[in-house]
Structures are given as structure tokens and as C-alpha cells.
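For reference, the structure discussed in these notes is given below.
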């Protein structure tokens, strides 16, 4: 595509009828389907017109590929996350990255307050071509990871937390001020956007 | 290096004596020197101990390489900016990227309010391996560029503007909300950080 | 009217009985009716007392004119918008402008991330007497449009987006900092207010 | 011009040498000159190359026209302001509007806390084709004016005040929430921007 | 009382059982009852134990006095408000002021955008001993009133509005920056607090 | 006066020549003079034309009365403050209150962190007719005072503090949320405004 | 434990099935259970697998200990709070502190606006080893307590209040700016976190 | 002392004469002297009256003890910091802690982006009785330290950084949202306050 990223359905603000209709049109035109932030109800609606469609409940993604034997990149994108609460965003990134043709490695449960778990998995992170780090609350994980690897790190703040976390603004600001070099940041909860950029990077020749 | 980014001197908050001393130590240890946010006065101080050092007044960078015939990447990083006021940040990015061994193309004077100038230079942007877009005020340039290319775009908001630009927060927020996919963002005025990530991307095998 | 803008019903914070009662009074006094931010339920209530009233679901407006053959201005107000999610605000502007006696041209689906679509419709925008540009997320569209036309542009930020869009504050701030001259801004989601000012401008002798 | 607004020199962030050089180039190319936010020192510098140039100290503007007998619009732009402290912004608007070929009427010293003064001058405001209202502190003046006229009102918040005025953000927010219809707003202290839009409106055929 | 203000029940965050129990205890102890921010449901609950209790739906207040022939002050507190949406806050102030033994005059429907209505009622405002001004949106009304009277004005910002009104913060900030002298401000929607201070003032010997 | 408050000179944003000129005009017209936020330099300038003028260095006020034997109110305004750093604001209030004809009692050095000092002076506070409480940092003093007296309390937040005090916004917000009834608030550092309202209250018949 | 704080279940964002499952695993592994921010419904679910589990409705905590005769510290943690609305946070702190093996003294109903109640209980506060002070609205209580004791004070701001309390940000900022020395602060409503630190302090040898 | 913390001179906002005078009074009364945020100039002034006084340039502290052989605690307070720019705040904490009679261990140059340095020094941190962690930028260090120790951690955000670090607000917010339990936070740059609380904790019997 012109922009390297095909059309994707962002479901919030669309009725379930609208989503089904768009999905049906894409299906009939031979276009692969990815819908994000989807509820199970929307999925059920889409399944009526695209029977083979799949739903990842945690990622809140609806996916359909016309060809099941798609090629995948050799290099992989690592998706690093800490707490359970951040997993919906991490999974949105993982599903989007795979939809865009990338091999993906999930490296979860590696928070800064229990840093030995991060160390036990650091090799898998270092060998990725590009790394997405998802974190809420104080948003410190990208700084720690960034200091341990020589690959580009894309940081995704999440809205997980309460009070002075300000709906994710705290994690966002923290990541923008990371003392580790080589980190850039996307919008709060934007697993999709992080995966788009990671995919463009991972597929550079 | 472990992190892919060598040591760099960030001059604010350091006295000119401290900067000269760090530069001298690096010089004697055979380490190449980059100092950012440097005044001409600091440069003069460093020159006393590192005679061949150079100064880019607009970028506010002090640079010294032990070997003049360093290799440069084949692919280049495009650095895109609009108004004259954003050039110090763009130049900080350019100097940092070159210091890290990258070929750099500067594509300046291409703002959103005179979009024909951007179109006349779009090919040079499209052929880059990775693109840094620097913009102040409403921070709209990365969205327009992102929609025209299929390469990763790193957006750098600048503090250029007044009133409701809130010292660059407006441009930062705008870039984080870009409707173009494949864009990530660094801190306000952080040309250095954008170049670090662009370099890691540009030098991926 | 003294202010050039007749009485209009803003429905939020009013019960459906209150809205019906106000509508009935206006109907009986021979005053034309516009109610904004109206639900279908409120519309149903008003219809009981004003049978010929119409409802625009997307605009959330209830409209009634005593004379069906009202005159319309020769010059038109262009209403420019990008994503589907911004259409309720664009339609509120369109319905209000028409209610105030203006010819209106809707120019939708022209976002900054796919700028060729904007170019294909630029003539219709240029020929308007005054232009309303509706945009959410990074709020960049008014800057691009403003740089292509020599007509006054009224920018309407929308609350469409999430995370760092801060309920529309990001788009609002971006528009206030536009680098294109000749742009002014109204409150977030205030399609009504933009149409009021556009109507005063369009009807200047 | 393509955008209806010719090139103007915004002096902040430019050295006095740079401003003189731009002014000289414009002078030699037969282009009229307006420089905003200019200090007396910059003016002195420009005068060396453009002898007939004039300086408005309060407006902080430098102006030069190649033809002294320029035509002026028949209709005028009213510029309304309250306290002495807001006059630099009001004057920037006035000078810019006149530079763009408009007849201008200044209506000063008409604050909301002494509303009888506003009433004594209301006719001159009502007869304008378009009205610029400049106000700092609580930013209430545009609402009062807007309720008394049927012409488009462009509100300019100023940074005048202290403490909870937040550098003009308070006046800006107040104006965006005006309960009077037909008002739009520009950036804090942006007399220039208000005049650009007022000029486009005033010169509509 | 030590503080001049007797015990009052603030109902939010209390269950209806808790409110009834507190009301019952006060009733049996011969203490007069005022409960604010009360729903009709809570009122019904209280009525079971305090049969003569009354409910002001708009004010959301529950009131009971042991002696019906209470004395009232000779001087009155004027309560000034504009739009219908601000009336719940104005009525909370009115009911609280009366509960504290003050004569109250309500002067409603006097907004800044239709200033002739304010002028037609200005005498009743001027003759009060102390004035409470309630306003949402741009919060301009206290400035206009303050400039017309020589009595203390207590300004109450309301949360009425949307977008850049920030839940009433805009009106609050505007009122704190009033250019009229003699104005002080209470928390957003705090009709109760304004009435407490107005009562202390009105009952000064 | 119409508003109960005579004209006062607010010196910031005025040149020393302008202040002298205004003072001279008032002097010759038989009007008493109060100038606030004045530097010693401005005072020296004014003294050239109004020889008997006095300067309160801490209050930063310039004062002149045509009649030395002015009458003073019987009841007094108490001005309560804690730290030395808040005294300039407290003194601005004191000087303004006296200028407006009020008897004033200063009760300083009574912070919340050493509450016994407040208790030792509480009688002098209780006997005032109206109380101005000046406080920076956490702005807690008005709540404590308000709970101990049955007189109106006007709270003045100061900009004293650093970091999370946000230039006085923290003290302002705290005071607006006081759990003591009968408190209202003026702008940050606005000793003048507090004194204006206190004077209107103190002089109520 | 490595960090001095055992595993605790934070229930928000977990389904009741997930909480039950975690509780069951802990129960079977001989680990004591604390779940915070729990609803009664979640409690009922956990009780199906851990029959002896208890629920503190106000604290919203679920607790189970394998050994009923656990030892408690000799020194106690004082938990100080004012209004009823702050009690859920105070109780969360109390339950957590007890779960971690500490003796706890609750000292409630001691707000700054009725300071005599605080004084009547000050001895019980002074004799604690460490003090947790919970407060909403203006957050002044920790300053007053801190000035009366020589023990470490941990301040917990609550989200209790409305309007300018900004969901607890006001109390948080006030506490961070306390003029009393020896105070530190945790996140809004974070009774759990305050108790963790208090426990580490109370159990220091 | 009543509060466990003796009187200390906070120099900002005081003239050098005032500081000298306070120091002289303390000296003559046999009170030990600590002045914070002091310039070398102020130190020189104090030295005229207290000859043996010492100055720590980095800490910006002036210290004098009447008895040179003061006792020190057995247990120590660890002061942990990363970048050079944070050292003034760390040193303010260190000097204050020592002034209050505590043994202090400085553990510097241990940032999150080079975490091996932190690990090499972790034993010295673990053996402290209480730990102060000073960090600017993203404020992540307290979370990492807190996860590695079982002692109370007091986090001090610094104003070091630029752009989206918002003068230290970002580090402050991050620390308040730490995912490690047992952490509390003081105001931005408040090394003094952290040391006060650490001293109270370290000296608990």
C-alpha cells in the first residue's frame, strides 16, 4: 500500500451493523480483515457474513485472512509487558503485527518491580529486530529495556492505574522522558499504532 | 555499544570546565565526541583541549571524530522540517544522525500551510529508509508526511510557538494523536533522541 | 434579530417534557424551530405537538419551518470533514447553517493522512464564501485547508479520539496554533457555534 | 495571493541581521513589508536598508508600503479593547488589518466592569462589518459585545493578568465557552491572526 | 454555633439509610434539618421518620424546621443567575440561605449575552446586602454585576457547559480573574458554600 | 463610588513615567492615591510630583492621602498569615484595607504546622468583623481559622513554594475545597482584591 | 519476602472467576490472602473455595489467614482520618496494616475544621510508631498532625470532593507542599500503599 | 523538639542580611545551624558572624555545629541517585540527614538505563535502615530499587529534564504510581523533606 499499512476497522463509534457491512465488503473484495477494539457482540455480527473470522477476546480483535498459508517475516517483533492489566494492549499490538505479516514473540510478566524476571528473558528480547514495550502506572519498563538492548524500542503507555496516573498520561509522560536513548512513544493504549510502526521497521529491506 | 548508542555529552547543567574535562578524557581515550545544546562559549573551551573539534551553531553541537574517513550508511535518514524556527532541533537530529554513522538528507521549508512545497520534494522523502519529521505550532506535518510514505516516521515536536502552544505540549499531543499509521513520537525539542532511534533503525541488517 | 441569530433549543439538561413545551410555544408563535443534541426520544415527544417536524439522526437535530419555500443564500458555506466519527459535529453545523438560511456544501472524507482525496475536491472548497473545517484527533485539517484557500476558515475541534487527545483538547490546541493565517476556532464539538458565525459572514452584504 | 494573506515577518527567534536581510529582499522585490513583535532595535536595523519604514511602538510593528496612496476598504473592522495592558495586542491587530488594506476603527477603554463606557460607543461597533474584541483576565468582553451586535466577532485572549490567569489560558477558555453565538477565537495575544481573518471577511465581495 | 453555620447533611456518598438515620437523630434532638444534593428517593426515605419534611426538586434540598414562624433577616441576599441549567446551583444557594435565616431574592434569567435583561433588574440587585452570582460557561456574569454594585459579590461557577469548559474549571478561573473589585469565589457548583458566607455577612451586626 | 472601590494604580505593565503621570493627575484632582506592586524606583519617580507620598517596601505599595486625619472604621479587618514569605501579600491587603478607610489588625506568624501559635492569638481573630487569611504552600490555614470563628473568611493563596505548588495553584485549589463553611477565595497573591471585598463587608451598615 | 510485602490481589480489572482462582491457589499453597477493592459479589465467589474468608465492607477487603493466632507488633500504626467519606481508604490502610502483622489504632472523625476533636485524641496519635493520615478535599490534616508529633507521617489523599478537587489531585498537591517536615505522600486513595510503607517502618528492628 | 525536626533556614525569598541575622541569633543561642538553597554569596555573609560555618557548594547548604564530636546513628540512610544533574538534590538530602544526626551512605551514578551499575551496589542499599531515591526525567529508579529491597523507600523527584518533563511533574507522577510497594514521595527537588522523614524513621527506637 501507499502507506505500508492496509485499511483496518476501528470499531468504537461504529454500530455493529456498520462494522458487519464494512467487513462484508472487504471479504467480497478479497481484502483481509482486521477490526480492533471489538466486542464479542460485534464479532458475532461479523461472523454471520464472514464465517471463518476469528476473535481474540483479550486483544479485542477480529481477524480474517483469505489465504491461510501467508508468509511471515524471519525476524520477529518482541512484545514486552508486565502486569495482566496491560495485556489487552499488548495483545492488540501482537494481533496487529501478525496481521501485517510479522513473526511475533510475546514476553509477558516482566515488570520493573521484579526485575529478575526481566533478566531471565532478556535474550529473547535482544534477538528481536524491533521491540514494543507496553506498560502502565509509572511507565518505567521501556527505560530499563532500552538500556539493555541495541534495537529500536517503541513504548506504549497504558491507561492502567488510578488517581495520579491520570488515565495513562503519567506513563506517557514518563516514557517521553526516558533516560535511555533509542525509544519513541505512541498514544495511550495504542497497541495498534505501535505494531504499525514496528511492522514498517521489521520489514525494511 | 551495549545499547547501540555511545556516550554523548548533554551540556545543560554542566559548567564549561566540566564539559571541557569530559571532552578531554574522551579525546585521550580515543572516543569520538558529540556534545549537544552547546553554546559557542563552551565550544571555545573544548577547542583548547581538542583543537580539531567543530561547532554547528544552528544545531548547537560540538563534534570530533578521531578518524576523518569514517564509513557512512548507504541508506539515508531524511530530516523534514518546516519553519526556520524549527531548524535548531532539525539540525541537532542531523548532526547526531551523522555522528552515529548515518547518511542524512535535509528536506527543509516544507510546512503544511504551503503543501505544494512538500509535494515538490516528496520523492526524496519516500526514498529514505527512515524519516524524522520536526514541527512546532500545531504539529501537523508528521500526519501529512506519514500519509504519503511507507517508511517509519519519527515525529519531533518543537517548543516553537506561543500562547496555547504551551511550550510544545500542543505539538506533542497532536503528533501522538496522528491519524496516519506508522508514526511514533519523542520528547519536545529532542532531535537527539529521534536521531538515536532513527540510527538504530537505519542500521538494522 | 438583535444578534443575527434566532432562539435555538439546546436540549441537554432539559427534560423531554420541557423541550416539547418550548417547541409547542414556538410553533404556536410562528417561530421556526431548531433543537440541537436531541435524541430520537425527544424528537418523538416534539412530534406529538409539531407534526411536520423532522429529525436528522446523525446531526441530532430537530427542525421545523413554518414556510417550506424559504429563500437560500446564493453563496454557500462549505463544511469539510474527514473521518466518519466527526460527522455528527459536521452535520450539526450543516443543519444549523441551513436553518439560518444558508446554502451548504458538504465535503466529507478528506483527511490529512490521505491528502489526495482533499485535492480532488479542493475546487468546491475554494468556491465557498466561508469554510467550516471539522476535525478530531490531531486537528491538522484546518491548517492544510487554510493554506489552500483565500476564504475565512472556522475550525471545529471534535472530541473524537482517545488517550492523549484529552476529550478534544488536543485538536483544539492544535487549531489555535495553526501556522495558516485566516483561521479561527470554536469550542470542542460546537458545530452549532461555527455555523452561527459562518452564517453571519455568509450573509454580510 | 493564494491564501489571501501576503508574507509577513514574525521577528521573534530571528536575529536583527536576519530581519534586515528579509526586509531588504522584500523592499528590492517591490513587496510591501510588515514585521510583527519587533523591538525598536530591530526597527533601527531595518531602517538602514528601508529608509521610509515606520514603527508603531505600542503595536511593535514595522511597516513599509511602496505606494503611499493605497486604497482602503469602505467598510471597516472595529477593534474593541478594555485595559491599557491589552493595547499592544489590539494595536498589532489594527496595524495588520490596515496593512492588509482595511479601514480600521479603534474602540478602546470599554471593559465589562464599567459597562456604561461600552454602551456609549456601541453604535461604532455595530456599524463595523466585522469586529475584533481583545481582552485579558476573565475574557468576558466578547460575550457582552457578541450579545449586542449581529456581526461576526473574532475574540483575541491576551496574556494580561497573573496567578490563575495562567498566561492567558483563562481568557482563552472563557472565550471558547461564550454564551453569545457568532464568536470565534484565535490564539493568545494573536492580534495578527485575528486581523488576517477579519480582513478576509471584510473583503468578501 | 462556634462557626456560625449549624450541622448540615451532605448526601452524596451516604446511603439512604444513613441519611434517614442522621435526619431522625436531628429531628429527635430538636435540631433543624438541611440535606443537600438529595435525590427524591432519599427524600422519601427521610419522610418516613420526619413527616413534615419538604423537598425542593430543583435545589435537590430536604428541609425541616421545628418552628414554622422563624424570624428572617430584614436585609436580603440577592441570588443572580442566567441560564436554566444554572438554576439547581442557584436554588441550592437560595434554600441554604433561607435555612440559615436570611431573606432571599431570586433574580434569574439575566445572562451577559442579553444584557438588557440584567439592566431591567439591577435595582433589586443593588439593594441587597450581599449578592451571590451563579454562572457557568464563560463565567462572565460576576464581573458585569460587580461593576454595577457596591456590595460584596460571591461568585459561584457551575459545571454547566461542555468541551473547553472543563467541568466548570473555565468559569472558576474566569471568576478568579475578574477585573471588577470586590468579588470572591467558591468551589464549582458550591451554592451551599456561597450561601454560608453570604449568611455570615448578611447577619453581621 | 459606584462600585464602592475608588480607582487604584496597578503598576505592572506601566512605565515609571506613566505611573508618575497618573499619580500627578490624581494628586492635582484631589484624589487619594494607592499604587500596588510598585518598586522603590517607581516610588522615587512619584515622589518627585507628590512629595508627601509614602512607600511600604514589603507591601510594595505607594500611598498618599490629601487629609491626614481620615476617619477609620470601628470594627477591624484581621489579616492572618503564617510564613515570612507570605507577608508581601498580607501587607498588600493591609495597606489596601487601610487606604479604603478600615481599621486593620495584623496577626502574623501563625502557621498550621505550629498550631499553638494560632491558638494564642485566636481571640484577636474572633473579634474582627471580617478575616483575610493569607497562605502559600498547602493553603491549609483558612480551613483551620474558618473552623474556629463565626465571621466571613476571605482566603488569599500565595505563589510561595516550589515544585508541585505550581506557582500558587495548589494553595488556590486547596482553599476552594476547604471543609470549613464560610470561606471564599480570591486570585493567587491578590491581597488587593481580598481587601476590597473585606472593606465592602466591613463597611456594611 | 524479598520486598517485605507478600503477594496481594488487586481486584479491579479481574473477573470474579479470576479472583476466585487466584485465591484458591493461594489457599491451597498455604499462603495468606488479602484482596483489595473487592465487591461483595467477588467475596461471595471467593467464599465458595475459601470458606473461612472474611469481608470488610467499608474497606472493600477480603482477608484470610491460615493461622488465627498470628503475632502482632507491640508498637502500633495510627490511622487518622476526618470525614465519613474518607473511611473506605482509611479502612483499606487499616486492614492492610493488620494483614501485614501490625497492631493498628483507628483515630477517626478528627478534621481540621473542628480541631478540638483532634486535640482530644492527640496522645493516641503521638504514641504510635508511625502515622497514616487520610484526607480528601483540601488535604490539610497531615500538616496539622505533622506539626504536633515527632513520628513519620504518611499522607494519603482521597478522591473525596467535587469540582476543583479534581478527583483528589488537589489534596495530593496540598500534601506534597505541606509546611510540616517529616511527611511523605502516596497515590490518591492508596490506603494499601501507605500501609505497606508504614508496616516496613513499624517492623524495623 | 516537639516535631523531631529543629528549625532550619530556607534561604530563598530572604535577603542575605536576613539570613545572616537569623544565623547570628541561632549561633548566639547555642542552636546548630542548617541553611538550605544557599548561594556562595549568602555563605560569605553568614561567615562574617559564624566563622567556623561550612558550605557544601553542590548541596547549596550552610552548616554549623556547636559541638564537633556529635554522635551519629549506627544505622545509616542510603541516598541513591543516577545522573550528575540530580546530585544537588541528593546532596541536600545527605547534608540534612547528617545535620539531623544520621550516618549517611551516598550511592550515586546508578540509573535505570544502565542497570548493571545499580546491581553492583545493591548490597549497600539493602543494608540501609531507610533509603532515599532521587531521580529526574522519567522517575523510574524508585520502582526498581523498591523491588529489590525490604526497607522503606522515600522517593524524591527532581526538576531535571526538559519539554514533557514539566519541571519535574512527570517524575513526581511516575513515582506516585510506582508498581513497587513500600514507596512514598515528597515534593519535587525536596531533598530536605525526604531527609527529615528518613531521619525520623532511622531514629525510631
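Per-chain residue numbering starts at 1, and chain names A, B, C, D, E, F, G and H are given in the order in which the chains are listed.
One rule holds for everything that comes next: a residue touches a chain if its C-beta (ideal position, glycine included) is under 8 Å from a C-beta of that chain, and two chains touch if they have at least 3 such contacts.
Everything numeric here is computed off the predicted structure, so don't read it as measured data.
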Chains touching chain C and chain E alike, please list them. D
Tell me which of A-H and E-G has more C-beta pairs in contact. A-H
Chain centre separation in whole Å, for chain D relative to chain C (CA means): 27
Hey, how far is the Cα centre of chain A from the one of chain F, in Å? 57
For chain G, what residues touch not just one other chain but two or more? 3, 113, 146-148, 163-165, 169, 172, 176-177, 180-181, 187
Pairwise chain contacts under the document criterion: A-B, A-C, A-G, A-H, B-C, B-D, B-H, C-D, C-E, D-E, D-F, E-F, E-G, F-G, F-H, G-H
Touching chain G in the complex: which residues of chain H? 1-5, 8, 129-130, 146-154, 172, 176-177, 180-187, 192-194, 196-197, 200-201, 204
Note which residues of chain E are touching chain D in the complex, please. 82-83, 111-115, 137-140, 143-144, 146-148, 161, 163-166, 169-171, 173-181
Within the complex, chain A is touched by chain C residues 84-85, 113, 160, 162-165
What does chain A use to touch chain C in their complex? 3, 12-14, 157, 159, 167-169, 172, 187-190
